[in-house]
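Shared between the two complexes below is subunit A, which pairs with subunit B and subunit C, respectively.
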Partner chain A sequence: MIDVKTKINSFFIFNSSFGPREGEEIKRVLFFHPNQISSDARKIQVGLCEAVVKFMSTFTSEPCEALQTQTKRYIFYQPEKGYWMVLVVRIPYTTKAVSAIGEGRAEFLDPSVMNDLLVSAYKMFRMFMGPFKDIPIEEIYSTCDEFFAPFIMSRNLTNDISDVIQGISYLPLDKNCFFKVMCFIDLLEVNYPDFKCISFVYNDQLIWNGLSSNDMLTLYQYLVQTLLPKQVEKEIQGGAIAAAQRHGRFISPPEGIRTQDDLRKLVKVHLLREDETETKQYYLIIYRTLSATVCFTIDVNTHLEIDTFRSLDAFIGPQLSTIASTISEQCAIHALQTAQLANTEHKFVYFNRLNLAFKTYPPVNKLIPSTSIKPEVLSIIAGIHADKKSLGNYGEVIIKTPDEYWITGKSSNDREFYVVIQEKNANLKEISDEVKRICEAQMKGIFFYPM
Partner chain B sequence: MASTSKDNVQAGPSVQSNPSDDLEPGACPESILNPTDSFDEFASEMSCSLQERNKSLAAKSSTISEIQSEIGDSEKDGSEMKSTKSSDDLQSKNGNMSASASSSNLIEENGDDEDNEKDDYLQSPELVNKEKHVFVLSSAGKPIYSRYGNEDKLAGLCGVIQALVSVIEDQNQDILRSISTKDCKTVFLVKGPLILVAVSKSNESETQLVLQLTYAFNQIVSVLTLTQLNRIFEQRRNYDLRRLLSGAERLIDNLFVFMEKDPAFLLGAVRCLPLPEKARENITNAITTTCHKIRDLVFAILIAGNQLITLVRMKKYTLHPSDIHLLFNLVRSSESFKTAESWTPICLPKFDATGFLHGHVSYISEDCQACLLLLTVQRDAFFPLSQAKHTIAEKLRRSNCLVAINDALNRNEELPTTNPLKHIGIPEIRHFMYKCKSTAQLFTSDPISLDRLQDYRIKHKEGGDITVKKIEKLSDIDYVRNYRRFCSQIHCTSIPAKLIFRSNPHDTILAWVTNGFELYVTFDPLMDKDQAIKAVDRLLRWIKREEQRIFIMNAPTF
Partner chain C sequence: MFCLKDSEEFYLCLSEQPKRFDADSPVTNVFFDDTNGQVFTVRSGGVTGVTVNGMNDSKSTSFRMEDRGPIISIKFSPDHKVLAIQRNNENQNATIEFVNFENLIPTKVEYSHTCKWKNAKILGFVWPKANEIAFVTDHGIELLQVVAEKKQLKSLKSISFSGAWFSWCAPSNTVLLAGNNGALLQPFSLNNSTITKLQKLDLDAARPVVERDVFLLRLCEATWCAVFRHGVSNTHPVSGPTEVWLMPVSGPSSAHTHVLKTALVGRFAVNVVDDLVVVHHQSSHTSQLFDIMEEAKVENNVVNHIPIVQGCAMKPALVGDQPCPMYSSNWVVFQPDYIIDARLGCLWQVRLELSGLAHTIPKDEISKIVAVLLRRTNGKATIYTILNQLVTHADAYLVELSKVFDEINQVYRKWAEQEMARNTAGQPVDARPSQFKAVIAQADMCSQVLQAHSDLGCLVQVVTSYLASLSRYDMVVQHAVAELCVRALVTRGACGRLRALVRRGCLADSRPLACQLLSLGHIDPAAAQLALDMMWRLKGYEDIIEILLSWNEPVTAVGAARQAGGTVWPAAAARKLLQAAKPDPPAFVAIYHALQARNLRHRGSPHFLKGEQCDSYVEYYKQITTE
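== the complex of A and B ==
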């Protein structure tokens, strides 16, 4: 695992229109990490970035994305006009073959991962705080500090396929089981019209989604990477497991919802629901029983009563625990089947850009970082993933590295499939046959051309 | 090494049949060209830190004075002076940096003051929408060269570039390498007293762009020598180098067109004019027998249409492909060589950047477009060399070699190399290029003909503008453009690839590198892998069969 503290040189946000006069440059800096940097040094860094952005704008209308120096890479992201987020990472300009340097293994991170980190940081910020432009200028410094300081410190960048391709792991269910989940959601929304179910997650896998896919990814990442790991930790440690857990409880806000006072602590989020056309502000309520987690939204203008929540708790609790047990049985059976099926020693990744569905073998677990895929190989996959155009609507690429890794990438419309095979003395044909076999065994019914 | 090469062969094409195990068409024990992988060399150059870079320009021993002293000519040509000069360079450079670096304020001032004027000019029709801009400026920020437009009006832009470079060097103790947006890359290269910048919307990788800038720098060195270049800026930091470079702008212009079109640059290799083995032997003999008595002659080079016919050299010395490319560019860009024998100083930066060789340059005859370059360390050898040239020309005419050269240049239908794809007879192959690594020579399925050469020379028909054209039939240049990404992935320093097979609805491309060669092939779309393997196998065999014709397989000396 890579510690951000050593890898990330700095992270800052600026807007040149704040503090336009000379002597006020420091006002342009909305946030700066690490915070022990002197304000002069901040000004210099931001001044350089401003100059770079301006320089490139004379040649192209596209916003600046990266600045590479001999030792560092500056990654730029302009989520809203005038607001720039810059991440400075220690990535040398030329790196000799990573495999040549034994310990360099964990050091190597693909720049695209860094860019994705910026994008997801912003999306998370927007979900909880709203867009930059809507935040009053006197509050923006403290708001950014409040959000980004813990965010950047808590971020662990792993060399993992799920960092290279950000997707959602869906839980496959049989018809009956899925129907039960659907019935539960419908019944709930009919009985409590103010509540809208926006997601149903089992363990770290998604079953139902009521958000636009963009926001879903952000919420999913928040749940799976931040909220649920904490929750699980609590449950493992804790006394509170017994009765409360069986019938479930509200886990956001963290203290639960017991009194009228707790209602004021409800978390507000900015989300775009699937059935709506614009982003609105909602209360986010998260409820959990056993391994099932359900998220609701309520319009912020709704008048809230503690009784509603009490009756909701009484309504969901038993129902959800029944469903959760059913799903858990299903999962056990399914796990058994896949264990028999997955006798392949090769690694693969499936990703669908349309619904962000993501599946890997061996399965990814955020808590146990996998070293199973070499960073160089990950980088090659990242390269194929980033350059969607070169495969067109349907296509295939096979790349062989000097250390006998064969990386195959297939694309069919918005679906992508990657296989990593390490095999000495193989040839193109054998590799492609093997990939075909894996594809047929693992991705039944998903069509890739050319075969 | 042997075992790996065997592995590679098995891993790629040729499965059942193994005879192509040792197939390395074009390989020969001794090479006239220095096959140092320019990519490796480049990588080590690019990975040095700021301090190392400032030192790297310091003294290298001069090859030319080495030759001169060997010949017994004690005249040293001031080479001692050179070495001391270049180590001074470091200090003067540091001096000017501290002078110019007044922190970020500088950038802002520059930005604000000159922004409007600069913006306007950059948006003017002669500059807007270009695929690739190239700017060269002095480290003091004075414009020296711009590919498009008028450098004088670009002073503001150059000021900004200079400020960016020096702020990063001074404040961050770092080197500015590149800035990128989705559609555009800007790469920076600081070489000695010059700053070179390319702003490109092409699909070339950063590395490929830096290599092009290095070529541009070498082109300037080739006109001035590194010694003179450094000396000028040591004496006057503000010197307007354009005064010394008048005429060289055209060379740089042409060089960039050449680099964008010819895969020789992509692969760091030299194209040879395909000739029957016998004819090439006769030509080489004609040169060696005529010149072996001329003591100071270092290289005799016969070229035609950006292709090498033969190169005879002084023992111990070889030429680097990039020096030959500069010679191609010089000959191609200078109409005057056609009309008269010329005597010109030429600096070959890879051979010896500190001094001039003296070259006798002339076309063999009016009815043959081959150009002979005789390079010597002797500055007053025009007459003996002129005499030699006439003798050589006469010998070539008598042995019918001129006819052979003309046939190859005019792409006579009867030659197998005129239309290789037709001759090989694999209809699925649309285009290929092959580089033999040990000799740094390449062959492509589209040999240059005279009319193609003409097309090179017509300065950039499109004017370098970005155009969205409907692709009906890919031209050779389009194929080469498509290979760029594959080349850069194969030569990537951090994550190289050995083999890439990519197929999509438009075409199938195979890029394959072994210890002996690099091969890039474009097939029909969605090509079957089995078929592709077999086709590559047949292609390699064909190249092997024709290797004597398409490559220079020996390394003659005087």
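== the complex of A and C ==
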């Protein structure tokens, strides 16, 4: 388990070109966590990283990725030229010798997970604030502080499979139900041409996406990791669902949209829509009824009228609650069917790199974290997932741990499939056959390259 | 409101060229035979000529005959070989005269027959068959066989019933006799050379009907008795509007009584056109249309109907160059669709102008009108016009389009079910093809509607709506629609939606679709991934091998071939596999060994056949393995 407060030593962002002259070094530090660190200490930390990055550039054109010392591990990420994000975690070095593969390993983050954290932090920043280079120098310090301080504190990094492989959980729906959602979106967009539906999420599962898949992951993570947990908490505190909530409401901005003034509080985002060729700035509108959450974008240059939002509310509310109820019935049926079908006691993880679809058995829910996969197993999966080159476009690897865990990783046609089997006295052939069986039973209709 | 472009407000018109005949006058009498649809004009009792005119010109003729007294009724047998005449002669009340005809010219062969009840009054006669005639009298009905060559009639069957007047339905050979002063209506069927008494129709004894208010008509494969009920409101027996009651006489036993609410009072007449009931109202000069097949609630075995659209006048007609007086008091209306103006000497048929039904209708009635059109013989053309207009303005009519698609696909589904049943049962052609007058299949929808809108901004939404409707009716999407859908989505940058539709099973697996997705691989790798999955599900192993080879995955291609089983692996082209693997020696060796093992197993020898043209690869293998 990773606890941000104790394990993350520091997290900072710098750009060397911001304070080129001596004595102005502190200007290079755009953000520093934790903020109680003195500016001298900040300068030292940043100075070290600058030096390492610079030093490494003499050997390779690839940017520097990581640095490990006896007590700390530094992960570097340069999202835009000159802008470096650095995450520093403490390593329990005293136990290092005994824990090369044992229990201790679980206590620190896998480098790939740390890197993913940086990447998703940047993407989230860019979604809400835009790229670093577009932010005026006089605002960049406050902008970074405003965004990253709460962001890093809210990160509840558990050692969960969904942090190892960042994907999107899609909701399985029968086609008629899916068509209902699609026709609802079409009707809405035709009636309100300024509004474009970019996502339709049910609970924490995605049904419809109108963004490029990269941006979708960011928005999805924002929804299921930040916005919706808060929302659900609010709803639970409110006791039984109030009549108003059944009808649905705007949940971003959090106070809702009731007056013309509320329109000024609309959140702006930078996103790349699937039907567009470049990232643009939009207002982000989020509407929720029962368990269904719908996100819209409006071009920022659109003149907004509160009446439009009121009429939209009246339009969506009843329709969305009908659809949400239909989906919930479908889900109940589906859950029943899978409960009957899923007769495997083994755990598996499926990930499709092309649409970021992510599925696990037993299912994990971001709202209720699970600890069903042991940390060291997780770490092995993280390793296979990160090292795409070893499996190539297709391949299979089977790894056995000393405590009788068999971990199988399969890669085929941009898909990954992992199976965890705990079985004593098994041999390679038995495991391979069992994986094949699980793959055929659970991934029906998907073509895995035969071995 | 929805207004169909280029449509007129009229949904009914008279046939373009009326059949002209000499107008009714003191010396000319006009008779109409609704069985053959012929007008007889008898000048001076036939002495100066009888002219027979009908919609079918080949059966028109003229001839002379002796005037033996005033004619009441004159009709040809259905084969036009015998002419029957009923005269109003004091002394021979119950007699019909016959004249044999040859090629529509009278022969000298004339005879007559008196019915079995000598004192009976003949109310009329009908020809149920070419050589059968029925005398309908106030004592009952006598069915006779006409033996023209022997100038004889043989009685086949008779049945006693005391009636005052009757109504005749030629298509079903049904006679309806009114007894008990119009309080009892008794239908008889004259089929199979016999008379069958049918279920009598119970009417309110307190309110008997009169002859002009009763018709037999053929509608939707059944025979109905139509009765005008004037002012039937219970509370105000006089002032209520007129209703037309349609009571089933014969046909499907499940038939209900249909009540057509005209909301009007006055003089009415009824026609039937293409299974629609036309109720003409003289004083308002309007005609209402009723469709008894529309979906409606059944209450106490009665179904109420209101007009499909608001009543409207028939399109003004011309006679010669002169406008013709419409809804004239000289009009006489006959079943099923004849109108005669005896003063003008015109015979028309009433025709539907289906586009007029959609001239101006509320938005939420579009789908209802389309449902009506789907039950009409020539409904498709108008449906296409409506659809094209809706699709052009899809941004305003998306909801209506979806409902229209549902109406279309409901019929399409039923039709497909019937086709399926027919094909599986191997039955001969169904005797009732008219059940589906307009079926709009997926190919029609593509060619007549969707393809014409390839530039439309909303095409994606329209196609989605159509697919959704097909899905609601559980119809598999055919390739024509799928192809159009893929093109529409790809050209509008909606690859994501395309993939979602494929993933959710909204577009059925098919090889052409898989190939289309595959070809999108260069702009959308996820589409290629789906294509390969689909090929796999379709068991297109040869295709998969080709695809994998084109992706430079020879080892995987071999794996796929081996897993496919059957003849795929034994028949796999060794040359192709080895050629693809040549740049990668370890892969080449692996594949070479696999192929040798295959050869050994299937042919008993590891060597390649001459025809496989593998010599150069054998060389290459030796070269790289010796190194």
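Note that in this section the second predicted complex is superposed on the first by the 429 of 451 C-alpha atoms of A that agree within 3 Å, B and C clash if a C-alpha of one lies under 4 Å from a C-alpha of the other, contacts with A are read in each partner's own complex, and residues count from 1 in each chain.
Criterion: contacts are C-beta pairs under 8 Å (C-beta built on N, C-alpha and C of every residue); 3 or more make two chains touch, one makes a residue touch a chain.
Fair warning: this is a prediction, and the values are worked out from it, not measured in the lab.
Novice: When the two structures are superposed on subunit A, do subunit B and subunit C clash or fit side by side?
Specialist: They fit side by side.
Novice: Given the touch rule stated above, what does A:Asn214 touch, subunit B (first), subunit C (second), both, or neither?
Specialist: Neither partner.
Novice: If we overlay the two complexes on their shared chain A, which of subunit B and subunit C does A:Gln260 touch? Say first, second, both or neither.
Specialist: The answer is neither, since A:Gln260 touches no partner chain.
Novice: After superposition on the shared chain, which partner residues are touched by A:Thr338: those of subunit B (first), subunit C (second), both, or neither?
Specialist: In the superposition, A:Thr338 contacts neither subunit B nor subunit C.
Novice: Return first, second, both or neither, reflecting whether A:Asn393 touches subunit B, subunit C, both chains, or no partner chain.
Specialist: The answer is both, since A:Asn393 touches subunit B and subunit C.
Novice: Please indicate which partner A:Ser154 is in contact with in the superposed arrangement: first for subunit B, second for subunit C, both, or neither.
Specialist: neither
Novice: With both complexes overlaid on chain A, does A:Lys429 touch subunit B (first), subunit C (second), both or neither?
Specialist: first
Novice: With subunit A's C-alpha centre as vertex, what's the angle to subunit B and subunit C, nearest 10 degrees?
Specialist: 130
Novice: So, does A:Gln70 touch the first partner subunit B, the second partner subunit C, both, or neither?
Specialist: In the superposition, A:Gln70 contacts subunit B only.
Novice: Of subunit B and subunit C, which one contacts the greater number of residues in subunit A?
Specialist: Of the two chains, more subunit A residues are contacted by B.
Novice: Could you tell me if A:Ser142 is touching subunit B, subunit C, both of them or neither one (first, second, both, neither)?
Specialist: The answer is neither, since A:Ser142 touches no partner chain.
Novice: Rounded to a whole Å, what is the shortest Cα gap between subunit B and subunit C in the overlaid structures?
Specialist: Least C-alpha distance: 5 Å.
Novice: Could you list which residues of subunit A make contact with subunit B in one structure and with subunit C in the other?
Specialist: Residues 393-394, 449-450 of subunit A touch both subunit B and subunit C.
Novice: Would you pull the subunit B residues touching subunit A in the complex into a rising list?
Specialist: 7, 10-13, 15, 43, 46-47, 49-50, 103-105, 107-108, 111, 115, 118-119, 122, 133, 157, 160-161, 163-164, 167-168, 171-172, 174-184, 186, 199, 201, 206, 485, 489, 493-506, 526, 529-530, 532-533
Novice: In their shared complex, at which residues does subunit A touch subunit C?
Specialist: It is residues 173-176, 178-180, 182-183, 186-187, 189-190, 193, 208-210, 274-276, 352, 354-355, 393-394, 413-415, 445-447, 449-451 of subunit A that touch subunit C.
Novice: Tell me, which parts of subunit A touch subunit B in their complex?
Specialist: Those in contact with subunit B are residues 43-44, 46-48, 50-52, 54-56, 58-60, 62-72, 92-98, 108, 376, 379-380, 383, 390-402, 404, 424-429, 432, 449-450.
Novice: Residues of subunit C touching subunit A in their complex?
Specialist: Per the touch definition, subunit C meets subunit A at residues 394-395, 398-399, 402, 458, 460-461, 464-465, 467-468, 471-472, 492-497, 499-500, 504-506, 525-526, 529, 532-533, 535-537, 544, 548, 553, 556, 559-560, 562-563.
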